[in-house]
Amino acid sequence: MAPTPNWLRRRGAKPEPQNDALWEMCPSCGERLYKKDLAERLWICSRCGHHFRLHALDRIALLADGDFHELAPLLATGDPLTWSDRMPYANKIAGDRQKSGLLEAVVVGLCTIEGVRTGLGVMDFFFRGGTMGSVVGEKVTLLIEECARQRLPVVLVTASGGARMEEGVIALMQLAKTTAAAERFSALGLPLITVLTDPTTGGVSASFGFQGDVIIAETGAAIGFAGRRVIDQTIRQKLPEGFQSAEFLLEHGQVDMVVRRTELKGALGRLLHFLTDKAVPA
Amino acid sequence: MAPTPNWLRRRGAKPEPQNDALWEMCPSCGERLYKKDLAERLWICSRCGHHFRLHALDRIALLADGDFHELAPLLATGDPLTWSDRMPYANKIAGDRQKSGLLEAVVVGLCTIEGVRTGLGVMDFFFRGGTMGSVVGEKVTLLIEECARQRLPVVLVTASGGARMEEGVIALMQLAKTTAAAERFSALGLPLITVLTDPTTGGVSASFGFQGDVIIAETGAAIGFAGRRVIDQTIRQKLPEGFQSAEFLLEHGQVDMVVRRTELKGALGRLLHFLTDKAVPA
Amino acid sequence: MNVIVELEKPLVELETKIAGLKKLNETQRVDFSAEIAALEEKARQLKLEIFGNPTPWQRVHLARHPKRPLAMDYISALDGFTELHGDRGFRDDPAVVAGYAYLDDLPIFVIGEQKGRDTKDNLYRNFGMPHPEGYRKAQRIMRLAEKFRRPLVTFIDTPGAYPGIGAEERGQSEAIAASLKVLAGLRTPVIVNITGEGGSGGALAIGIGDHIIMLQHSIYSVASPEAAASILWRDASRAEEAAQRLRLTSDELFEFGIVDEVIPEPLGGAHQDPQRVIHDTLAADKQALRKLLRLSQEALVDRRYEKFRRIGAHVELVHDTAAR
Amino acid sequence: MNVIVELEKPLVELETKIAGLKKLNETQRVDFSAEIAALEEKARQLKLEIFGNPTPWQRVHLARHPKRPLAMDYISALDGFTELHGDRGFRDDPAVVAGYAYLDDLPIFVIGEQKGRDTKDNLYRNFGMPHPEGYRKAQRIMRLAEKFRRPLVTFIDTPGAYPGIGAEERGQSEAIAASLKVLAGLRTPVIVNITGEGGSGGALAIGIGDHIIMLQHSIYSVASPEAAASILWRDASRAEEAAQRLRLTSDELFEFGIVDEVIPEPLGGAHQDPQRVIHDTLAADKQALRKLLRLSQEALVDRRYEKFRRIGAHVELVHDTAAR
């Protein structure tokens, strides 16, 4: 484990992009929102309650008690297919690093949540659509393995378009790798809690996303295996109301609970305490 | 285990009821069938293939290689509720004994099936509608326990209207008792195969009936939890075609296979060999 | 029509009258104390007369009383209950509630069969009759309890598993059979509370445990009296007769050794003092757990095996009385 | 339109011609041997020209060739295959076949993804695209293999899991995630054969094993080329380009260390000599099993863990190049 400087301070060093607008429009109700207010309200629309997608670092700041010791912070893709289409994959990655301030689509580390020492992995949809390639697979695996060693619970917050096409079947194999780690971890009697945020689909939902002992969906998140577009093209019929929404999944028995962002830390803290506290001697 | 005389010889001692008709009508196609022929054809209608309900002893003769050592042959109900309605429960039992030539609704014992030493329990619908009370629960449990001791597979052939009302909640508890035995047996890595025959419903289908590692349904058998009458009364809507038939259950993923009576012994033999033979050293 | 609700009518009238007099007594100068005392004595007598020794059929209606505390009333009385949803396969069944909570300081998982309070709620809860996915949700929670070594506490209150097309299509039998199997081998303490109706396999599916607690006027039966009458005599209207014969009351089941502990109810039933009944039930749960938590997992599962292994009533004949 | 079927047309014509001449040769007095030999040489040349070095896109179509041996062709070649059906919860999914059989004398469980041979059959098999209940049936068979200590052999041939409403409602993600988890920890040898299309998570769900065998012209990909093109460029018509880039051929996957063994196909693809390909595949399965059966359960599962653990391509940077 690399000793990392205080995470929140590090975040402060992130340069505010020059062309950032001051205002953001709510994609749900259309309200024009002042970005600074929005950030203070955890990126929840003050008018309709819509949950904007959250950057990994903001999510960590929201969930961790203050400390966060990042694991494998400098892991970067080896570009196994030496992929290139309109531009080399390496360039796309470089662009995403620039935009997001992250080296890859997941940040993993150890922290405390409401006083419980926990492994925490958070995906970032703004980096390659949160897709899982070698680095995401490796970092999630390293986190789970480290927590197995230290007998700590793991919380994984997903936001992902699935496996990363540019890494081909190597990306697909990350489903197997992370699953194998989760399986071993689970056999030790340790808890894996997953938090599915908007959007969680494909290879991430079909691996560790749905392997949680308890699965929490964030309010309004789109969650599914196949993307809506693929389904539309395949079946060419009207999709049911709320299809693939967190609430739809709850009704169909797929997730344990739907939780608003403002309640998330509390819900996780209670659950972690419940699952890990030594039972009171009777 | 009680050393029992050769089963088939014993069956010969069963007095042919005086008023037995020579002919039987097929409930499926209406064909008038000569009973002696019918018995020779394993009680399968020669015209439409309808499988008549089979007596436990006929079923044992069909499945066992010739030997059958009955367990707990003399177990009889203790009438725990001292039940009586139009007549005392004890009298009903006495009548069923007279009619069926059995002491209770299940016969259990050890035998070989296609050369595999196996525990075999067969229910008889002609004894109290194959209902499960104390004796059925106890005998099935004893069989499973004996096979656990001897590390033998168990085959249970069900035919039952469910738990026996006249033994009240004591009958209900037989679901728990047989399940507990099946669970322990299963944890030893031993195979339980169930064969669901016409009809299998209620407490028997909702306990060991559906606890088989492999579940075979006999062609045309009616299988379900709730009886058709109860469902009709509850929902008052048309039932789908073939509802609760073996074939319906196959389609709905509930049973592994539907097998004709003529193929049953072969199918069981192959399965038992497959599950119990020592793997060939590679 | 609930026969207890009918019987309660004169009592309710009397109690309304007493309440009125009491109010007068406070606001007027005339002293009604004597009249009030007389009426209260009369009410007490009436209660005793009506409820002192309820018949099995009356108990069936006490168990189904619209004001009787429901599973969620017990569960809500625990600390920090959080509901967990879904079978991960088909649907979240509202007839089964499940989650985790604290019984005083003790972390437990809970499962309950939940009826509705009114018609709308009952339609949502399907009158407390689970579908296969309800039992499959329960199995998931049972496994969590085992994995995280937390005791499991269940609350039974169902007429039975739902008899419907979808329930059969999705394997009601398999769902119950699998629940029974999971509970039979579960390596964590299981406490069962029969708080209302314990109907058939649908009740037993969350009813195999190490300590079975039953409320005095709950019922527990191989089938609901109506279903039993229909099965036995093809006549559901003979339910009262079936209730009498089925031995479904707490005292009889305690005698049979099927129920380990009976929680007394106030005169007139649990709904006369829900707080007390809920408190007593949870206190009993806690006490039972305290003992069970001392056992090793192996001892616990062996003990549970023996507990159900011995239930039965059979005799060994000296010779074969069958005609064969 | 299958590009291989198109390419095969002149070859098929030529072969028809040769067959005609051969018949003439037998029945007529004139000797056509020389002509036949010449045409046969031409056919060989044509075959080599067309199929000698198929492009990735051609391989995609070889893998999808309507005459390519399907899962059931391999499974039927085993001794005494008996199909086991159903997920015990919702439906028997015809896109997944499962059961038990003997590989020579070795008792094994098998699971295969099954396409149809014609339109009607394909509708029944859903073009080999499983629903959640297909994966849940597979999990049941995996567990049986573990319980009875029989090896598991799987046959992958699917464009991917079915993207439909019901599939999503019933938890396609959960079904695949659970299958992966069961396979990852399964305490019995698992052999995986990629015999046709290996598409996405729908393939991997029966694809975690101890020895991965791939037919020479099968494909194995993170997504079908059409889906990948649609995801990458929102243009499914650029599938050929995607096929080129995705590195989905057996030689590339063998180089990556993802595939352990490649079964050569006859010139022109497996459908040119199905018997041989099926034989070679099953022989490879047997040989692999022979080795794996020597390992203890622990060693086996550890080995499988390490096998997938090391797949990846990442580097450790010396300093943070992100702008944060």
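Letters A, B, C and D name the chains as they come in the text, with residue numbers starting at 1 for each one.
We adopt the following convention: a contact is a pair of C-beta atoms (placed from the backbone, for glycine too) under 8 Å apart; a residue touches a chain by one contact, two chains touch by 3 or more.
Here the structure is a predicted model, which is why all the values come from computation and not from measurement.
Colleague: Which neighbours does chain A have in common with chain C?
Modeller: D
Colleague: Report the chain whose mean Cα position is at the greatest distance from that of chain C.
Modeller: Farthest from chain C by mean C-alpha position: D.
Colleague: Tally the contacting C-beta pairs at the A-D interface and at the B-D interface, and name the larger one.
Modeller: Ranking A-D and B-D by C-beta contacts puts A-D first.
Colleague: Could you put a whole-Å number on the gap between the CA centroids of chain A and chain D?
Modeller: Going by mean C-alpha positions, chain A sits 32 Å from chain D.
Colleague: Indicate the whole-number Å distance between the mean C-alpha point of chain C and the mean C-alpha point of chain D.
Modeller: Their C-alpha centroids are separated by 53 Å.
Colleague: If you average the CA atoms of chain B and of chain D, how many Å lie between those two points?
Modeller: 42
Colleague: Could you list which residues of chain B touch at least two other chains?
Modeller: 186, 210, 252-254
Colleague: Residues touching two or more other chains, restricted to chain D: which are they?
Modeller: Answer for chain D, listing residues that touch two or more other chains: 88-90, 169-171, 174, 178.
Colleague: Hey, how would you classify the chain contact layout here, line, ring, star, complete or other?
Modeller: Contact pattern: none of line, ring, star or complete.
Colleague: How do the chains pair up in terms of touching? List each pair.
Modeller: Between chains, contact exists in these pairs: A-C, A-D, B-C, B-D, C-D.
Colleague: Which of the residues in chain D end up touching chain A in this complex?
Modeller: Contacts found on chain D: 161-165, 167-174, 176-178, 180-181, 184-185, 200-201, 204-205, 207-208, 220-223, 227-228, 230-233, 236, 241-242, 245-248, 253, 256, 258, 304-305, 308-309, 311-324.
Colleague: In their shared complex, at which residues does chain B touch chain D?
Modeller: Residues 186, 189, 191, 210, 213-214, 250-257, 267, 270-271, 274-275, 277, 279-280, 282.
Colleague: Taking the touch rule as given, give the residues of chain B at its contact with chain C in the complex, in rising order.
Modeller: Residues in contact with chain C: 10-11, 13-15, 57, 72-81, 83-85, 94, 97-103, 134-135, 137-138, 141, 161-177, 179-184, 186-187, 201-203, 205-211, 223-227, 229-231, 233-235, 237, 239-240, 243-244, 252-254.
Colleague: What residues of chain D sit close enough to touch chain C in their complex?
Modeller: 88-90, 132, 136, 169-171, 174-175, 178
Colleague: In the complex formed with chain A, which residues of chain C make contact?
Modeller: For chain C paired with chain A, touching residues are 80, 82-93, 100, 102, 105-107, 133, 137, 144, 147-150, 289-291, 293-294.
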